[in-house]
Amino acid sequence: MFLFAAAAAPLLPEWIVSLTTIAFANALVVLGLVVLWRVGLVSFGQALYYCIGAYVVALLARWTGLTDAFALIVIGGVAAGLVAVLIGFLLARYREIFFAMLSLALSMILYGVLVKTESLGSSDGFSVTTPTFLGYAPHREALGLSLYWLTLGVDAIAAVLVGAYFRSVAGALAAPIRDNEIRVEFLGVSVNSIIHAKVVIAGILGGLGGALAAMAIGHVDPNMAYWTTSGSFVFVTILAGAGSVAAAFVGSLVFEAVRSFAVDVMPGLWQMTLGSVLLLTILFLPDGLGSLVSRLKRRGEVQRP
Amino acid sequence: MSHRETVTRWALAGLAAATATIGSALAQTPAAPAAPPPVKLGIVSFLTGPAASPFGIPGRNGAEIVIEALNAGKAPAPFNTVGFGGSKIEAKYVDEAGTVANVVTEYRNLVQRDQVDAVIGYVSSGSCLAVTPVAEELKALTVFYDCGTTRIFEEKPRNYVFRVSPHATMDNVAAARYLVAKKKNITSFSGINQNYAWGQDSWRDFLGAMKVLAPKAEADKVLFPKLFAGEYGAEVSTLLTSKSQALHTSFFDGDLEGLVYQEQARGLDKRMTIIMTTGEAAIWRLRDKLPDGTIIGGRGANGPLARDTEINKWFQKIYTDRYNIPPTYPSYQMAQSLLGLKIAYDKAAKAGAKPTADQIAAAFKGIEFEGPAGHVKMMLGDGHQGITETAYGTYRFNKQKKEPEIVDIIRYPAECVNPPAGVEAEAWIKDGMKGAKCN
Amino acid sequence: MLITFAILTDGLVYAAYLFIVAIGLTLIFGVMKILNVTHGSFYAFGAYGAATAVGIYSNADWPAAAGFLFMLVLAMAIGLVMGLILERGLLRLVYGKDEVVIVLVTYATFLILEDVIVLIWGPQSYAAYQPMVSAGNIEIGELVLSNYDIVLVAIAAGLAGLAYWSLKFTRYGRLLTTVIFDRETAAAFGINVTLVYSATFVIGAMLGALGGAMMAPKIAVTLGIGVEVIVLAFAVVAIGGMGSIEGALVGALIVGICRAAAVHLVPQIELFVIYGVMALVLVARPYGLFVRAQPRKI
Amino acid sequence: MSAILAVRDLEKTFGSLVAAHDITVSVPAEQTVGVIGANGAGKTTFINMITGHLRPTKGGIWFEDQEITGKPSREITRLGISRSFQVAQIFPSLTVFDNVCVAAAIARRSGGMWGSITTPVRSPDATAEAEATIELFQIGRYRDTPANTLPQGVRKLLDIGMAVVGWPRLLLLDEPTSGISIEEKFDLMNVVMSALKTRKITVLFVEHDMEIVARFADRVLAFYDGTVIADGTPTDTLDSPRVQELISGVRLKPAAGSGGHA
């Protein structure tokens, strides 16, 4: 998919490239939510890591003048990951709606702090210095494409790793933990540490997404940590479904496309459009777009001799 | 490897979805009619959300009515030529609501997908700051109409971004000047501002200006309730326990009205004079609920604060006739921005052929003109940021005419409440507003 | 002294506001295990309905009190209708789905209703101040209290009492408590759970609308008022313990007092108070103050 | 050789309620011990303490001469004690194979979080082990059935299979036949016991049905009122008058404990 999308890029109009870049950056956050959702956990505060990743990039560029995209992304991801490690000690004890609520509270606290920080432009945020790529400093189309390809690259790596993780013991324990934590404990595994690990993975992915988004948008602001931002990530997760890694990316792209389309065609009523899409997905595609993927798979297998 | 295959399938599906939007977009913009080809404008403001009713909608209405007049060539001189450079204006209205990511995406869509010739809009300073670098990168002519932050032209010189409407500094400097003029021996004042950039900046400027103009007076209660908090009980009683003679607020619409209702129910305005830097936008809805004696600003000489010129009468009339409510400052700011752009465009179009963004930008720099809100000088930010005179007045609800009116208006020349070119607003206020010419 | 009094009264008023918004949410969660984002819409519709009602009655000159009642009644009627439509028409279809999925369903509904408001009332904002202004105020020392706020507190207290009484002493209340305690057993005992659900959701919706209606006179009824309320109500409910009425009451009081104290003493931290308190409480008591986790038996 | 499991003066109280007290038992390797007693006699409490689900108020537990008193259940499992449950604890949304395979993979993973992230769940030897266990418990024909649709008996076998797949040396079965019709009970126990014998696993099993106890146990512990009142060969224990008087009444209502939570 990524090779395909990468190859297609130069043929696409710029605005689609940038729309897709942002969509695929957000897809990383969604991928993290998918990791959590497989154990039946949903974070209404994933924007926390998204925002951390974004601000780390923006602040490094601003204070240290570091503009190398690759370095910035790694640092952004690591920073968010570290925060997730700390928060994880607390969060891993929670389940269901309580997990959701606590993560929401934490992200809202970050939001408050940022709004309070006038030196960082308060609610207006501040702009992100144009990134460079190992010394190469592109502009306009070139810049857009570089960011796009960078995002695809990160996405591809993330997709492969997460895919492998899903096939690992810790990854495969998701459904068992959702089904029956006690049994898992009696098989000799600490459920909380498994969940902690998932929180961290989701955090890193969130940070990476935020870092990429910050560069693609060129601006960061506290709203990146606001609960409605988390809400839209969860929204995409449901749209995509936890079925497959690919779903996260497709879901995110479809979401951006639909939103942009709605804003374009019915400026006053785009929320209604989004809501209806979500509703219909839940009602008629309970497992999200991912379930379509697996259906196609099945058909494919049938056709194969 | 069936994984990889399905993945590819999905890539296709995804791109299909994306292309669907281009398709629709193209369908959206009808084939250009017979020459001269229309000038496409993207007009962005809040069509949904809390900021729609106070700013977004009045702004859009202002655009609609003015564009109509311009296309009909019915605007008063010197704006009485058809559209922009003789070609009709075709406006596309877009919602500003959503995250900065959405705002930037929609901006790119306007410029790159819909190929608009210029974008006018943006209420939130956050949007303006986010859009600015993109506009510069895309070399797309952009005029901000309502956002007030000074950072846009202070952070970097800009080439394609303009703002006809003055920035927020003069609102609070003028507020301070008016307050000191009315209350010579003020000893204490308080402030209640929303806890986000707009509120914080407003208070910072006001406080700075007061330090300069009334060094004796000190700030007592400094309150920053959450944006859209809705309930101000605690704030009001805090203020009731204060000895301040005046209260500064940059609250707008929803929050402003809520505050007014709640403070009136508890008679706060009987204890201290309230200064509302954006009050003008609310007078037509608050009417007799807005306490008499409140000091009202309108982000410039807009609405009732505007001078009684021909063009102002004209704008007042066409707007009121259409929407049967008088225009408030966002409508004025939109009108000013459109008229400013028209002058620049016409100037650039003199060459004959459709002018390029660079030509218009070159023509736009440093122009001066008379708009409904008075005389505009594109003076700051190397000719990209306009300044105008501003005015403050005292509110009174005229029981006979059953109409709001603003009395003993004091006008402040642009140079009196704005920093000289090349000086940062905050610094200017800090070192005593040097070079302010208040005649 | 004055400050302390002010903090207490302000805290009480704010708590009343929070409780009125939160009670419907916690009721629905307690019985149906649904975290109802649509609650924000109920609040908004209640407020808009109230504004409309006030508009009508201030033209016809009826006594203020009557207008106030008219306002509340209309709002609750709206809540009733919306509740029925949503529960019967939509939620019914998704019962038994994952808790979180149902949250998303209500979130989607919330998004849709946000625009329905635009379709019905347009983007402009509405005022409904008459009841509050006509209620007047009383002076206590330097402090001036709005009678309307006092009414608000009274109504909140009334609601709390009513909720307590009906849960403990009415048949429906006892039904509810059994359902809350154990759905299966309740069903086994032949309690019509479906009916209880519908009733609960409708009541919750009416309470949400009521909250909006009672706040309407204090605020400008404008787009987006629902969003702010949701998270606020969530916080209160999470602090008190999901689904616990007394929890909602205590949660509201804690947040109310803390916020008032912050505004009077350290205005800088006002923004964090609610989430700070929420995080702290959740750290100490993962399930909120009034809810205990039951260890699973094997 | 010395005892694989030794328990000394074990006591568990919940507030004022004494659930178990003065339990002292030692079990030599490869012995099959039946545990009998009425509901609430302390059998499950006893098991729960050994497997670390409950922390004893007093006394100590030694497994292969290593003290495990109050260790968390997952550590105890790793040491080689495994258990099955009164109500089969399985993963309903997974197939039988996946149930067993997950269990096998967990048992085989190289230690630590990193280990469980890096080792694939369907590693060759985990898969092989899972297949073997499924064969051993003769549930091959259900291999790909989702667990939530399994008949009661198969659930039980699966539950025990998941406990056995990690090659434990001590296995505790909490009422393996509860909820099973009398006809099936013996077949089920035959399968289970032969499987355990082939793996040389020491077994403690709680059982209400005296015939089953008599048939399969080498030794019987009789619980009453939270402690052991008789301990010896099946015949000795079951015929001892106290047991007859206090417990064997259970025999008349064999399924009394079914589903109930002792």
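We call the chains A, B, C and D, going by the order they appear; numbering starts again at 1 in every chain.
Following the convention adopted for this analysis, contacts are C-beta pairs under 8 Å (C-beta built on N, C-alpha and C of every residue); 3 or more make two chains touch, one makes a residue touch a chain.
Since the model is a prediction, treat every value here as computed from it, not as a measurement.
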Comparison of A-B and A-C by number of C-beta pairs in contact, larger one: A-B
Most centrally placed chain, judged by C-alpha centres: A
Inter-centroid spacing, subunit B versus subunit A (mean Cα positions, whole Å): 34
Computed distance of Cα centres, subunit D from subunit C, in Å: 50
Distance between the centres, which are taken as Cα means, of subunit C and subunit A, whole angstrom: 32
Intercentroid distance (Cα basis), subunit D paired with subunit A, Å: 44
Contacts with two or more other chains, residues of subunit D listed in rising order: 53, 85, 89
Residues of subunit A touching at least two other chains: 115-116, 182, 268, 271
Residues within subunit C bordering two or more other chains: 114-115, 118, 123, 268, 271, 298
Touch list for subunit C against partner subunit A, complex: 35, 90, 93-94, 97-101, 103-105, 107-112, 114-116, 118-119, 123, 227, 231, 234-235, 238, 242, 268, 271-272, 275-276, 278-279, 282-283, 286-287, 296, 298
In the complex, subunit B residues that touch subunit A: 2-15, 17-22, 24-25, 28, 47-48, 93-95, 98-102, 104-106, 108-109, 111-113, 124-126, 129-130, 132-134, 137-138, 149, 151, 155, 195-198, 200, 204, 227
Subunit B residues within the subunit C interface of the complex: 47-50, 52-54, 56-57, 195, 221-226, 228-231, 233-235, 237-238, 240-241, 253-258, 261-262, 264-268, 285-286, 289
For the subunit A and subunit C complex, residues of the former touching the latter: 37, 40, 42, 90, 93-94, 96-98, 100-102, 104-106, 108-109, 112-113, 115-116, 181-182, 227-228, 231, 234-235, 238, 268-269, 271-272, 274-276, 278-279, 282-283, 286
In the complex with subunit A, residue positions of subunit D that touch it: 51, 53, 72-75, 77-78, 82-83, 85, 89-94, 102-103, 105-107, 109, 113, 115-122, 162-163, 166
